[in-house]
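Shared between the two complexes below is chain A, which has chain B as its partner in the first and chain C in the second.
Coming up: the complex of A and B.
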């Protein structure tokens, strides 16, 4: 990938992030009233003179009398210097909340991706090397079913089986040790991973089947290489394009999924936090999470683009 | 789309082209028609719920507390002795309605933006494409919760916020389809004959774009139903009224799961089968009409 292409991709990324911040900032200010979110029902002008001072104070403190573009510019500038503002709810710094909670959510998302890759790659290789036989068709049915199950329903199902009925995993989140954390995060991560496993398995299987018909595979087999070596060393890498593409896109699904599983399994991450923040109209927190999460999504997809060139050096990306 | 096949798909070896290709109904296969039949039953039950001889869904002590399934009380009773079967059927009404409205909004808005921008190209196309990229980069579930919370959790706003999420994927498919057909001879012919842009879009482009889009409509309907369930599960859904997500959330607590898992398992199964049938029917249509552009 040439420097020019990378530069134009980076520029587009910045534009997208700025557009997302405008959409988020705008929707909260047009659709809601920040003053009411800060001081509650006394924000209305006709709620009595005795609150006029409170109103004026809050307006001044949060610069609410400035025009929207000015406020947006100030907020963006603060954000760029790492100042995410303070929560409307309790005045704690949003950056503190983020640094406490973001690592948990990232651990959860990486955990889910690792589970998904660990299961889907061997499964896809296994089924592609038995393509169109009965066992492969049966496994295709299984993966199709896994795609259809909603994350929230799966969470309830897994929680019921493995935490309530068989008592293998804890019903509460614990993170006294890293081992305990991994154990409590297993069911949530698995709930997130199941649809990913199915997605990756389907894409990788299809691509592997077509790779296995190419000449260089015939050559590898003719050299007498073992079946395992042909599959994993020769066929796998050039077959990973589609899977890699959705790997980036699925980061978005994981972010949405983390809202669900964190709330259901009471995990103190930013997913559960943002749901709470939206419900209690805590806009600085919501905005900060939206920005962080969007940046993660855009950066992961950018890295995926860079990886194409690594998987197959013949790939040329255009700006 | 997550479940699309790669463009490099190779046909299974046993699929030799036939001299007389079977009818489309045959090609869609038994599974497709079983799915359609199941969906028809679900929709019929939802529509007819007020006139069916069901227990009132909100009536308590119809059965014993956490009573198991038995004839007459097919899905058992919940913690208040309410009829879970009746709750599931009444709950389907909001889930299906939201799915339907959301996907309609997504298709009307996204479809027309996609077709128009793909047909005229130029600056408008660039702006629309950028809007699509922005919408796709915005964390979807957060956007839906945000809009619903700010504008009110009514059926309309929930559907509208989920419809907004459908605009970008639908629009991108419609645009991709339009780009494919806009270059074809029959469009050029229509233009030479003096047809206006509006006429070409409606009479020539639209019919060709609709079939691959119908596959997406079924898949999208499944996604919208799951999204509504997710919102309800998170505690953000229609204030009064029942929905599958609410029902599953209420039954998903440790206490209920320990005493009476059937209260959760029945609505989960019905939701799962509904989404599965929508996915399968959409997938079959896509395969039969070979709409590989879905992956764009």
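Coming up: the complex of A and C.
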């Protein structure tokens, strides 16, 4: 990929992020007067003149008397310098909240993706090599079952069985050591990973079956290569386009899933934080999370684009 | 070897690797399930039986032996207790945040309080030496202990108290319930370095009670100033309590260690860890899974689960306060008409509420004062569960005010905060029971908006949970005419001059019998004016592992016995892990 193409893609990413922030900023501010979320019941003029000074101070501090575009411009400028503002809830810096919680959520998401990839690829290869046999059909039933289980239901089931009933995993997030963190995040990551496993398995199996019918596979077999070598060295890589595309797209779904999973498992990540922030109309926190999530999403998909070229050198992104 | 076998093996290896990496590394529970013998304080429903532990003797290894029910429990110095909290604090600064029951456990450990309230409901000096009222009880001269020091090494003196008190009263929201009780011009005055004067807004024999909770928490002046400029410091408060925060990640974990400058008996535990777990079921799971040593909460299902554990855990229930109620706005139609309020009360399905919502986990309420308090009037009954009374009242009202009615039923808006599954169940039950008499439009709004609308009187009928202070005098502020304004803490905006007289009279007397009589009349007045429909007294239940000792051993400096818990709040210095 040429530098020009990369620059073009980066510009597109910036545009996407700016468009999303405009939409988010506008909609949050159209929902109501932020003043009430900052100072509570005394935001209303009906609460009396005795609180007029408090209202005026808050309006000045948060620039609420400026027009929406001016406020947006100021917020965007601050954000570009890493200043996400202060939470309406307690005045703490949103950047502090993000730095505390974002790594936990990213760890959870990466963990879920790793579990999904580790399980789905061997499973898909195994299924594809037995395509349309009884075991493949059984595997199809299992994967559809996994796709059909809602994340919240799976969370409840896994938590009750493995943490409460059998006491194999802790019921609470731990981060004293990296090992403890991995152990306490296993069930939530598995909850997120199960539908991913099924999705990746279905896609990869289908593509593999198609690839295995290509002429170059027949040539490879004719050369006497082992089935394992044919599958992993020759068939797997060109069959991963669909899976890779969905891998990028699923980043968004994972973030959505983390809202549920983090709350259920009491994981102090950004998913749980944004749910609370939305409930209490904490605009700065919500907006910061929206920006971060958008950036993660576009970056991951940008990397996926780059990987297309790695999977198949014939892919010309600038073509 | 066939390919099939190798794939199977590969799959098995990968799965095993993932599980091994997760299941076999660090962390995990500490298996803290060893029974402490019979030092537990499990109680029967609705009763609290303080531990009869006592008579600590020094043993050879220096630990205290505490006798309880014929068994000896070794009080080990040190250790860590993990406490699950129902809510997390947005801020731990008592001068700018209303601390609810989760955060106030942490705040009590960090700040302590000027006075404490014993199991009989009497106040005692804690960080103070004396409270001397004027002859007419309009002012109180308070002398501080002379050995108070903040955890940062600064001395806690009158200046610190004045600074904290003034900062508290300067907060427009926080001070609303308390301001009416103090003199508007000079609520507090410095007398000397260890003495200050509190000026009440009229004769008040119960001023010390105001300082038994948040208002009695004194912050380091340097910290209060610094937190004003840098709100992050609200998370790391500096107080003079038995513990100090050493690490805090909001929404995740707060760690406290003993305050070396504490004036009283130092805490036994080395470390206390707090974990906010807002999902009630999850918090209970964590407790029963030994990942927490102490939990607290009000959720009926969790309370029932803790009861099911029987003697395997310690369980203490407190039904003394925080009434769940329906507010009826007496300033706007249709609830400005007492007939409508009476009809709504009569049609309230109390029995069904207790069956289906409380599930036997809470006490039904007829007034603001629970049977667990000395102020309860057993003979007083709220006129609910009488739908036959509602019909004629509604009929008469609709005949007089047809504009407020449709098809012979009164049009109202039923408001609650949410989304909340529990409150939705309440709403469905009540709206259904009211349906023959009221056309209810349901309005579910976020909690902060709900509070705004109630405080500014923009509602018809709304769900609410409040009251239950250490002394009823604070509760009465919410019933007074003076607290009805643009921003009202008389939530129902129901003014009654006879009631105001009773409030002043109960406040001025020191005779318990006279006070009881006045408070009885007050409760009857509230009932007869149909100000609230009270449903339940909230059951705050604390669960503790069997090896948590000292839960009921807290005492005031004068030796008075303090409650094992007060509406979910446990004190920490006397807690220990039993060997």
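Everything that follows uses one rule, which is that the second predicted complex is superposed on the first by the 314 of 319 C-alpha atoms of A that agree within 3 Å, B and C clash if a C-alpha of one lies under 4 Å from a C-alpha of the other, contacts with A are read in each partner's own complex, and residues count from 1 in each chain.
Rule of thumb we're sticking to: a contact is a pair of C-beta atoms (placed from the backbone, for glycine too) under 8 Å apart; a residue touches a chain by one contact, two chains touch by 3 or more.
Note that the structure is a prediction, hence the values are computed from the model and not measured.
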| item | value |
| --- | --- |
| Partner chain in contact with A:279 - chain B first, chain C second, else both or neither | both |
| Touched partner set for A:89, first chain B, second chain C, both or neither | second |
| Touched partner set for A:259, first chain B, second chain C, both or neither | first |
| Touched partner set for A:122, first chain B, second chain C, both or neither | second |
| Partner chain in contact with A:65 - chain B first, chain C second, else both or neither | neither |
| Common ground on chain A, meaning residues reached by chain C in one complex and by chain B in the other | 159-160, 163-164, 171, 263-264, 279, 281 |
| Chain A-touching residues of chain C, taken from the complex the two chains share | 3, 6-8, 10-11, 14-15, 17-19, 21-23, 25-29, 90-91, 97, 172-173, 231-232, 234-235, 249-253, 275, 277-279, 282-283, 285-286, 288-292, 446-449, 451-452, 455-456, 458, 485-487 |
| Chain B contact footprint on chain A (complex, rising order) | 12, 15-17, 19-20, 23-24, 27-28, 31-32, 132, 144-145, 147-153, 155-157, 159-160, 163-165, 171, 195, 198-199, 202-203, 206-207, 209-210, 213, 241-242, 246, 249-250, 252-253, 255-256, 259-260, 263-264, 274-275, 278-279, 281, 286, 289-290, 293-294, 297-298 |
| Touching residues (chain side chain A, partner chain C) in the complex | 36-37, 39-44, 46-48, 50-51, 54, 86, 89-93, 96-97, 100-101, 114-115, 118-119, 122-123, 125-126, 129, 159-160, 163-164, 167-174, 176-186, 226-228, 231, 263-266, 268, 272-273, 276, 279-281 |
| Chain B to chain A touching residues, read off their complex | 2-3, 5-6, 8-10, 12-14, 130, 133-134, 136-142, 145-147, 149-151, 222, 226, 229-230, 233-236, 245, 248-249, 251-252, 254, 257-258, 261, 264-265, 268, 271-272, 275-276, 279-280, 283 |
